[in-house]
């Protein structure tokens, strides 16, 4: 029997199949430090135990996007090792705050299968969950990938395309247990004075900074997530000899850059959708802007929700513009992310 | 109201103004591990909890230069985001040892302002302090930067140039609480047998090692300090497309290389001055030498002070020489650092 | 007296000499996190405290190879700073599990000396030991290096070539205290279902993944081990301007890649031999395969030993082949490693 996992193919998946992903992971202050060396994240709640305490938490949590990358990374061997493309994700919710010392596991359920007309590939839809050592779900999201078939002779009888809500609704989002933004909230420490009341729907924020992606940094990040997709590590996969930057790396870069203008957006609680509309490579200089898509109250007094769109691009681009005259993304747009953050109200 | 901070200009500063810098930071064993991966620091007191215990400390402290970089990094947004040049620092003292778990904040007071004759810029002098979670000052230094004016129409009436003592005097330097170098001090573990008595004023030490600066390593370091100065990250800032290495990165490299010949110089307690006399870029191969500028007793028996000059250069250079015939630094001298360390006497 | 250590020469060593290496090191969860960012290691026992607990350990241990690199790194200043070549190591045993918080020291005993016929150099054999803060030996190995002589006038009278057993025998290997692989062992979490009974002697496993070595990653690794051998850091040492990748970096890459097919090989307990048959440089894309050399029971029920040969190569190479028709290693073979791991039986 061959010992090596060469990944699954489209025919290997059945609706309802539950895949328990290997290698649980205990996250520590070491992971948080490496995350800072990778992204220079400056949101105060992740940076200072004291600030986190003033916000009602026991200590600085593990950043939500670090949790996302870990859970996503665990799913690669079972879901996307042979993926032709990561098509999208949706309905992502962070349900329970993760702290240093917590151990996370991941599993995915097959919720949709649709063969492509070329018969060489199909689309696999999964719902992926991350769970902590108490069995509590910390993260839940849907993603879909285009995946190779073993054979174009095989035939899927009944395609199942899951009903995916376009967005998470504000009511479905969870304010972390204990979180409060009250008179102890230190705006000076956080870096800006803006509460949810200072933003207006439609407002555009140019985050102003620009960062050039370095080869080693995205490799170190992707290794830290134990994400072993070949296309990130092996220069012999792509014809151009380039290593594709893991899309989540760009998401974390954008989140970190968004501090300038959104410094009080302390926690990410959900993602409606994330599209990596063009590939990112080492050497690209990335800038980003955000737009306020919505402002909502939560059940916790003082804690508001912002729905944000953050767009990463390289080169020169007018802020707020992503589509050409024909409605296609400009070739220098890299990421179009629609997500939810908590902010003092 | 625009949400993005694009940095302050010369006209924004007034004498006596106190700037509380954003984003407190809890330092952990994770930060110390990343610091080792960046600089390979080998001074035993930071490397071994047991060695630190034998020196009267509770555990290995956070390296003083790591503390410096963190506090300096916090000041960038308020002080040097629009700096044309970092001109110097002085009177730096490490006043309280920082341990894993401590949370640091930073603030700067404006102590000097002087317009340049070109009317486009001016010189800003600040005194920056780092404070721990108990409100104790851990670090105190003066720095001055050349900074853009908003307009060359504006006019500063009365220049204030602060009196900056050329050097910290030995009496002003603080031996960390509890520190002792006594019969438990393990010279074998430390790596060398030399005490303060083995050095003579004027002595030159060639540290012998050479390290080539790598792009990713200085980027990771600068991100870890949450230092967001554009010139370090963005290849589109400089005409030559290069990213300037943060000066403090060179200081930490030199400190680490100085182990070879100064292995018992366990703790840094002050910096008289640090001049980045030429810019450093990835690809430069750095060597360094030190000179003993002074040897002093402290109030703690067994603990002596060395005043050191450490000079970093690239290429070939005679040890001990920094100036050409006209008294200008040679173009391959990168750093001229004058500082204080503690050593067994 | 010159303060700088420029390393020892062949004439400086005497049989029986004991060299206590400098700079003890406390290992932490920070080091484990950096190790993950470097190698993306996925063996569950190092990744999850819960999994380690289910295997009878108190928490995830520090990876054995990380321990090896730390102890090896400490020996460089005294043993191989002036080495012309690292010729080999043998009889390596991991004797005591290392946990975050443990402090390690290293020492080497000179056990062999043999002059080369060219009179310019000789071969030094040492036995190196790593010890924890309780004085327990955690690691023990023999290595031999070719080392420069001070002078070709000097003459060694009696060469001593130590008797080095070709392999560690299974009886000499230590199962970590408390380790058990019983009904609590979670094969799903570990990633594969194979126990020692599923492998056969002679079986070849193609680990399938490929990773391109990046300059910054091997530099960061080598710094983390406080290994200051010049040839890894200084582009001016080799005529081709390349920095040689530390051999242990390739070993850790291979161990991590071997997860795919050997996911239950949870702990490394010994190394028979490791040959870096050709140098590795940044840019090389590394693949590897393993062969099962032996399968043995231990005294602990449920815990078996695998003797493995893992071979790293670059470019294209038939699995299982390392020698050309004349019995020389192919030029694209990088590492030939013969070692022992524990696996459920």
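Lettered A, B and C in written order, each chain numbered from 1.
In this text, contacts are C-beta pairs under 8 Å (C-beta built on N, C-alpha and C of every residue); 3 or more make two chains touch, one makes a residue touch a chain.
These numbers were taken from a predicted model, which means no experiment stands behind them.
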The C-alpha superposition of subunit A onto subunit C, two copies of one sequence, needs a rotation in degrees (nearest 5) of 120
Interface of copies subunit B and subunit C: same or different residues on the two sides (over or under half shared)? different
Rounded to the nearest Å, the gap between Cα centres of subunit B and subunit C is 36
Touching two or more other chains in subunit B are residues 28-31, 33-34, 214-216, 220
Interface with subunit A, subunit C side, in the complex: residues 28-34, 36-44, 47-51, 60, 188-192, 194, 198-199, 203, 205-212, 214-217, 220, 260-263, 285
Per the touch rule above, subunit A residues touching subunit C in the complex are 1, 3-6, 20, 22-26, 28-31, 33-34, 77, 101, 103, 105, 133, 214-216, 219-224, 226-228, 230, 233-236, 243
